[in-house]
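What follows is a pair of complexes built around chain A, which joins chain B in one and chain C in the other.
And now, the complex of A and B:
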């Protein structure tokens, strides 16, 4: 199990209808590729975040597959126009089966 | 109804750790989370050959510069978070954590800007690392942390963050004066197979390119610094070591007398610049 994994998100608390908002997400993760060997020549097993999703009010809006070439601490930033108040839910899927979740509410006025 | 009718998802930007080549914006102003930083100021009077001192931030490309302006995007803050976990972790025979005596680290506001400084009781020049390890061995009964290792650098980032924006103000007279002279001597002494001194790059030639690298003044006001090249925090002594390897010299010992003296001298060359730790560099 990957250690020190901590998801972080930055979503504005409120927005006006029709405004473009910027959403930033970052998860601290070592993103071990599985291609490296340790000092004894043994393969270091792959351990990466392999999928990232974002749902808004239960509907999927972003779904990204990640591969071993992605750097340590993967960072995603995307824009959205939010039509109504609701909750963003972010989910990261780890190779070891762990699922990290984080949610944030936004009020649209 | 497709979700596009409800929500328009714009560009999905995936940061893979490389950027296009662009020149440094040398006139840019550094504002971190709304707090302005001093990145250019008149050199302190003890610097004979430089008129204006500049933070290493002013030498970096736009993309690197912008990373430091937002704490969410500053990857160094990941290590501050890890440092805070360690800050609250109970260790050692006395069942104490840093937080047992010091709450949050806010009482250390300003400490970064005066380090390294003379410690009367120890009768020695102390860096921040010494304060951390002294607390661990004397107050906590725990093992000292290794200089330049991740736990140490993370803790120092937590302490240094409290002083962010405050101008560096390292004392160079009194008991530390002879050590400061040693540090100055080291700064101007040519060493290694390339026969270069710190000053050859960071005083005579800052602002020009050394192959693909934009030479800075070698200021340490932003340390510990997150470097994109190794994706971790880098301590002052580790950076000195890296520089010495670059000029094919045998590095002095991390935490040794030479680097302590050099740290004092180099820190004093930045007197007047804001402490930026954790900064972001290439």
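And now, the complex of A and C:
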């Protein structure tokens, strides 16, 4: 597991049914491209988050495939429609096989 | 007619500009990535908006955002990077307006391309040029 990986998510706590809400996500990750060299001239191996998904109550919202051109601490902002109260589940997949997960609840009034 | 070096360069340069835009940098890899995404289908224009800064001072984090009303997935490419692929965004059934914004790395001044696959199976694209002052990718 890469060091210092911490997901941060912003989801509104409440919404009306059928509303479109904005979700912001950021995960701290060094996103090493595999192109850089260290001071001895050796290539630093690639280590990035290669996939990010967001689901709401088991239904997919977005599924993003990431390449090394995504910046350090990958940030995504997108919209979702919330039909009912429930839980957003966010998942990040690391090159080294680690999976980082975080969930956020939302109440629909 | 006498062909000197200067004349030849001028002709060659203008030809390259007219025929190869926008896929001049790393044509084969870019074409491959596009063909993989579209399956060789024709790509139209309109119906997709790619928002980038005109000038990015720091190529390590360039904020971009893409929006396309009826897209089911969007492919992002940076044509001047060592590897043109940037991201593939697939929208699920609960996605609201089909938009996403993120931050990308750009090695140098180049064109950023967004290709959207619409729900009816057709493709559309938008191209923006970003001027990069200090390149990313650590190269």
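The rule we apply is simple: the second predicted complex is superposed on the first by the 108 of 109 C-alpha atoms of A that agree within 3 Å, B and C clash if a C-alpha of one lies under 4 Å from a C-alpha of the other, contacts with A are read in each partner's own complex, and residues count from 1 in each chain.
FYI, contacts are C-beta pairs under 8 Å (C-beta built on N, C-alpha and C of every residue); 3 or more make two chains touch, one makes a residue touch a chain.
Since we're looking at a predicted model, the values are computed, not measured.
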item	value
Touching partner for A:33 - first (chain B), second (chain C), both, neither	second
Partner chain(s) touched by A:43 [first = chain B, second = chain C, both, neither]	neither
Which of chain B and chain C A:76 touches, first, second, both or neither	both
First (chain B), second (chain C), both or neither touched by A:8	first
Touching partner for A:64 - first (chain B), second (chain C), both, neither	both
Intersection of the chain A residues that touch chain B with those that touch chain C	20, 56, 59-62, 64, 69-72, 74-83
Interfacial residue positions of chain A with respect to chain B in the complex	4, 6, 8, 10, 20, 24, 26, 28, 56, 59-62, 64, 69-84
Footprint of chain C on chain A - complex, ascending	20-21, 33, 35-36, 55-56, 59-72, 74-83
Residues of chain C that touch chain A when the two form their complex	60-62, 65, 78, 81-83, 85-97, 99-106, 136-139
Complex interface listing, chain B residues touching chain A	3, 6-17, 72-73, 75, 78, 81-82, 231
